[in-house]
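Okay, so subunit A shows up in both of these, paired with subunit B first and subunit C after.
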Partner chain A sequence: MIFSDVAKKVRAGDPLSADDGLLLYRHPSLVELAALANEVRERLHGQRTYFNRNLHINPTNVCVARCKLCSFSRRAADAEGAFVLSVDDAVARLQARLRAGDAPTEVHLVGGLHDGLPFSYFLELLAALKAAAPGISLKAFSAVEIFFFHRTYRMSVEEILRRLQAAGLDSLPGGGAEILSSRVRKAICPGKCSADEWVDVHRTAHRLGIKSNCTMMFGTVERLDERVEHLLRLRSLQAETGGFLAFIPLPFHPENNALGDHPAPTGAEILRNFAVARLVLGNIPHLKAYWVSLGLDTAQTALWFGADDLDGTVSEEKIYHLAGARSPQSLTPAAMARMIRAAGRIPVERDTLYRKLSTREEQEAM
Partner chain B sequence: MKGSRLRLAAVSFLNTRPITYGIERGLVGSGRVELTFDLPSRCAAAVSRGEADLALMPIASYATAETELCIVPGVAIASRGPVRTVLLMGDVPWEEMDTIFLDEASRTSQMLVRLLTHERKLAPRFESAEHDRIVDQVGGRGGALVIGDLCFAASARFPHVYDLGAEWTNQVGLPFLNAAWIGRPDVLESGDVELLQESLALGLANRDEIARRFAERDRADVALYRRYFHDNIHYGLGAAELCGAAAFLERAHRAGILKTKPVLRLYAGRILRKSSTTGRSLDSLLSDAAAGERLSFDDGIRLYQSASLYDLGRAADARRGQLHPAGVVTYIIDRNVNYTNACTTACQFCNFYRPPGDSRATTLLRDELAQKLQETVDLGGIQVLLQGGINPDLGLAYYEDLFRWMKASFPLAVHGLSPEEIRTLSERETLSIPAVLERLIAAGLDSVPGGSAEILDDEIRRRISPRKCDVATWLEVMRQAHRLGLRTTATMVFGFGEQPRHLLGHLDKIRDLEDETAGFTAFICWSFQAEGTKLPLRDDTSATRYLRILALARLYLDNFPNLQVSWVTMGPAIGQTGLRFGGNDFGSAMIEENVVAQAGAVFKLSAADIERAIRAAGFTPRRRNMRYEWL
Partner chain C sequence: MTLAPDLDIFSLGRDALAKVRTLFDGRACFVSARRLQVDGSWLGPAEATCGLVDEEALQARGGLRSAQKAGANTVVCNQDSAVASEALALGLRVLVRVPFAAEEPASQRRDRLEKLADALGRSPGIDGVLPIPVGEAQGIDTLAFFAACRQACGPAHVVVDLESFGHKLGQLCLSFGADEILGSIVAERALRLGARASSNEITRDEAALLVRASGLVPCERLPDGKVLTL
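Entry: the complex of A and B
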């Protein structure tokens, strides 16, 4: 196989093999790779580039999993800087945005694995947020948290998901996938659920009609073949369920965590990972450049390396900023649209399910 | 002599024939030039005795000449790797040779083998031998430097053969300039430089015919001769070859092989480039540009407007690979010292300056400076980039004192004073620009940074930095600096609401000057850093626009050997990505950069970070100096 053979497969819409994926990771020309990824991107989305208005809420940073890659968590509830957000405080945060005339369409809720909270706390949190803004979409709890609920509250994953769904959960974020390989998980996040368990939570969610995202946290100890394997596992679940909305590659950030002497992946490696993901994951519709993690310039540039989504306006991001991210804390919808336009693409504001809300032009015309 | 015939002397080796082809055939210069063939050493002597006006002379003869000489731009016998006709041969490896016999015919090759032997810390005896009998001297622990056509037959006879062209370029990263048309300063008439280049252009077009003729003469393999012309000998003389020659002469001087370290002076005249035809498809425009063909202004506009990011990136990456085939990306360790922030120009985009008299306007004291310079030396730095505001309190004497003190106290090269600072000194002191430069050079100035160019368009300059020098002055300072032997860079800052014609106009002006002087070593561009400055945030400073402009610049600036990426302003991620869009240099592991830091860009990379970024982009990192000579 050479690059042009892989390109033929991509153009014919044939799925790529593990060897093809490796070839792409090793292909000397970053520009050729980007151009091919862009063909797929434009075939799926043309010039359209998505963003949404969202709000990040982290219910707690207390976590029993001692992941080496994390700068956010505190081991115990009484540790310095440890917090649990009350339901009222969470609602107040949402209401502050509503009062400011800056209503988000989605709340993104992820937190630590806190073994001292009742399940009812999470159900009340969802219900209260939904009550405060009935139209809002709640994207809450990574598969790692869902699996932790299953263990802690002694209910099946399905039962947990059904209850959360009933309380207002609409979709699952894609976090905690890291690299779906037992070797890598043992090295960087042994306290998290296994790769099989992570996949299983998403399978169950999809079966219940809960859409989800998926991620890859790259740049620590994984090998390229493990990255390819990760992509293929996601593609295979997607072929089975069709429940993934977007794939989000997340480069490792080294500050304030136990992997601090491991260097962060460089820009060219990050952009290459986007392009390879776009080519291997032909069946996952969206590829998201999460600007908080990437920084604005790299996120914007990723729009020419396969990405079609910039995530949202965010506000109050903690997890990456504690790991040394230098991006701003939030962006206005106008700034997001301008960033997209400055990259030469067309901004489209979307909801959680990627339904178009309005284009910037339409908003400006209003 | 004006009005009379131009007398040329050349060696009659195979490799000189493309150079003399057009003249020999009477296709150019008939009635003007008179060509005679002679031995290499006698060619140089003919010039010094006044028997010839110009000779195809080894660079070593230029360096040791008693009289002032000049070099014809655009024509040379040079190499960028294996040259095949400058070989060290022996029965034993270089390290074991106790005697090296030197072919009398080429002084430059002699100097090269002495230098490379010295740099390998070897000390054999050197003995002179006649050209025709040189190969017979090889045996036992005696090796020989063999040059010219003899090499083709002789190289197969010995187990240890070193190609000195390859040895040089693998070590230094620059071409080796062996010989060029050299003569006394006043012998050329206008049109002569072009005539000599045309003779070569005709020769290059007929290389295969020359190869065939010589192969028949020597009963040799014609394919071998053709490969020699196409792959080994490199006939251009531009910025990279001049840097190679300067590096060679300086190293030889340091090694005690050469008594003086002469400045390389060129005759006035333009370096002609193969120029393109019009009406080509976008694809052929891109592939021609990737192959190093010249783009017209209109071609440049068309590429900017119609070529995709990927088209530009692919072509620029290919061109970068052609110019830098070893897959090396260089960087330098230096320190940017902004010696004063007092400035009268009040440019709209600058956050650094303070008006003179303002309480926050400061000029660094010697003690502060000494500390910064010592830190630079301690961190492995080799250069200081000295730039500051336009401070009316500081005159030429201040800089002369400063440079003399710096050069006496620290082993650092002085890369300093942008054209704006130099022209201000010339006005303040009512001295000509060359006179200011000569005094600065005498005090220790080594090279000039390409700042204050912004966009070289008077309409835009009047709008954004009305008190700065106009385009013609900026170019004139650079022209004079190049003529005096200083190497400089050129920069461009975009994002001031400029049109494609302004960008291409900027590139066109510096390309034009490079044709004239071959004095720019590198081009660096970045987008205007808007945050915190008086201008509003603009859309045209995006990273993708940077990558497009970088790639376009790589294609348009066919005569610039190096393109730096600007990680300091664009960020490490985009800077690194730029290495795949035409960049071949990562700039500086900077210890300090006040001007950009004040505008919101704060990035820091250590040398180790830079090397990792270079490797991750698929290249081998090497440290360099301002000449882009590997260290």
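Entry: the complex of A and C
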């Protein structure tokens, strides 16, 4: 098999094999790879590039997992810098955005695995945020957190999800997937749920009508065949459930964590991963360039390497900034639209489910 | 400049990379650089092979000879500057600064590159061009500009300054016509901890990897200007 054979399969809409994925990762020309990924991106979305207005809230950074790649967590509740956000404080953060006339359409909630909090805290958190802004979409708790709740509170994953859903949960973020390989997880995040458990949480969520995202944290100790295997597992679950909205490649950040001597992935490696993901994950509709993690210039460039979404306006991002991200803490919708337009694409504001709210051109014409 | 709807970024990249392969046999250099400041101090690794002085800093440093005495071996000057010929006469390497802004009109950019091509044609001793963003660099626009520089600059090197573009975007420029990267490149980097957590330094091995991962053959530019293929 050579590149042109894989390109033929892509153009015919045939799913790529593990060998095809490896061939793409090893293809010498980044530009050729990007051009092919861009064909798929434009076939699916034309020039449209999505973003939303969102707010990040981290309920706690206290975490019992000992992930080598993490710069955010604190081991104990009384450790320096450890925090647990009160429900009132979380609501106050949302209300501050609402008062400023900058209402988010989505709250993104992820945090550490804190074994000293009652389940009721998380239910109250969701309910209070929903009460403060009834139309808002709550994208909360990675599969790793959901699985931790299942273990800690001795309820099935389904029961946990049903209760959270009843309290206001709308969708799941895609974090914690890292690399879906037991070898890699043992090396970098042995305290997290297993690859099978991560997949099962998403399968259960999808069955309950809860959409989710999926991620890949790459650039640590994984091999290329493990990256391909990761993509194929996600594609397989998507074929089964159709519940994934977007795939988000996340390059490893080396600052202030136990893998600090490991080099960060290079720009070419990051964009290659975007392009390969767009080509292998033909059944996952959106590919997100999370600008907080990538930096603005790389995220913008990714819009020509398969990505069609830049995530949101964010604000109060902690996880990547503690790991050395030098991107801003937030962007205005106008700045996001300008960045998209400067890349020759059409900005489209969306909600969590990728329903179009308006194009920036439409907003400006109003 | 908003990327024109009819601009084919992939064709630009293919053409630029093909030119690098033809002109330089697919090789791209990295060079460790330190920069002479107006106060006479150096910014960058002491072991750097390139001592860079900007034309703007020359007056404060007492002119070219004084800067050369202090260790400068490369001058960055403006297009059509008289400093270029003086520097060449002193045996210094000359790079021409090429400013570009993300918001500028395409016609203005085209004119600048045409004038640059003329200037390089008149001064064959000028060794390279150094694109410098005015304001914040945009990703895809930067790549398009590097590709356009490659087409405009004949056999001159197109140099990417990692301090201006960062490592990620800087490396991507190598896939769009740049054939040399310049930055704080050291033999051994300290751990990214404490005050050094945000260090911009990369090792020679990492610099070589940036080049190799772009599909080019890494070389190192040595203090005497010679190039060592790795």
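Convention: the second predicted complex is superposed on the first by the 366 of 366 C-alpha atoms of A that agree within 3 Å, B and C clash if a C-alpha of one lies under 4 Å from a C-alpha of the other, contacts with A are read in each partner's own complex, and residues count from 1 in each chain.
Quick note on the criterion: contacts are C-beta pairs under 8 Å (C-beta built on N, C-alpha and C of every residue); 3 or more make two chains touch, one makes a residue touch a chain.
Values in this document were obtained by computation on a predicted structure and should not be read as measured data.
Enquirer: Could you check whether subunit B and subunit C clash or fit when both are placed on subunit A?
Expert: They clash.
Enquirer: Is subunit A touched at more residues by subunit B or by subunit C?
Expert: Between subunit B and subunit C, C touches the greater number of residues in subunit A.
Enquirer: What is the contact status of A:N38 with respect to subunit B (first) and subunit C (second): first, second, both, or neither?
Expert: both
Enquirer: Looking at the overlay, does A:T298 come into contact with subunit B only (first), subunit C only (second), both, or neither?
Expert: Both: A:T298 reaches subunit B and subunit C.
Enquirer: Going by the contact rule set out at the top, does A:K9 touch subunit B (first), subunit C (second), both, or neither?
Expert: Neither subunit B nor subunit C is touched by A:K9.
Enquirer: Pick one for A:D261: touches subunit B only (first), subunit C only (second), both, or neither.
Expert: After superposition on chain A, A:D261 lies in contact with subunit C alone.
Enquirer: Regarding the shared-chain residue A:L271, is it in contact with subunit B (first), subunit C (second), both, or neither?
Expert: Both partners.
Enquirer: After superposition on the shared chain, which partner residues are touched by A:K68: those of subunit B (first), subunit C (second), both, or neither?
Expert: neither
Enquirer: Please indicate which partner A:S29 is in contact with in the superposed arrangement: first for subunit B, second for subunit C, both, or neither.
Expert: Once the two structures are laid over each other on A, A:S29 reaches both partners.
Enquirer: Of the candidate stretches 74-82, 200-208, 272-280 or 578-586, which in subunit B collides with subunit C after aligning the structures?
Expert: That would be 578-586, the one stretch with clashes.
Enquirer: Show which residues of subunit A both subunit B and subunit C reach, each in its own complex.
Expert: 28-32, 34-35, 38, 263, 266-271, 295, 297-298, 300-301, 303-304, 339, 341-344
Enquirer: Given the complex with subunit A, which residues does subunit C contribute to the contact?
Expert: Result: residues 1-5, 7, 9-10, 13-14, 17, 102, 136-143, 165-172, 174-176, 191-193, 197-198, 206, 209-210, 213-215 of subunit C touch subunit A.
Enquirer: Okay, in this complex, where on subunit A does subunit C touch?
Expert: Where subunit A meets subunit C, its residues are 28-32, 34-35, 38, 254-256, 260-261, 263, 266-271, 294-304, 324, 326, 339, 341-344.
Enquirer: Using the touch rule from the top, collect the residues of subunit B that touch subunit A in their complex.
Expert: Spelled out, the residues of subunit B in touch with subunit A are 308-310, 313-314, 317, 539-545, 547, 570-577, 579-581, 609, 612-613, 616-618.
Enquirer: Spell out the residues on subunit A that touch subunit B in their complex, using ranges where they run on.
Expert: Contact set of subunit A toward subunit B: 28-32, 34-35, 38, 263, 265-271, 295, 297-298, 300-301, 303-304, 338-339, 341-344.
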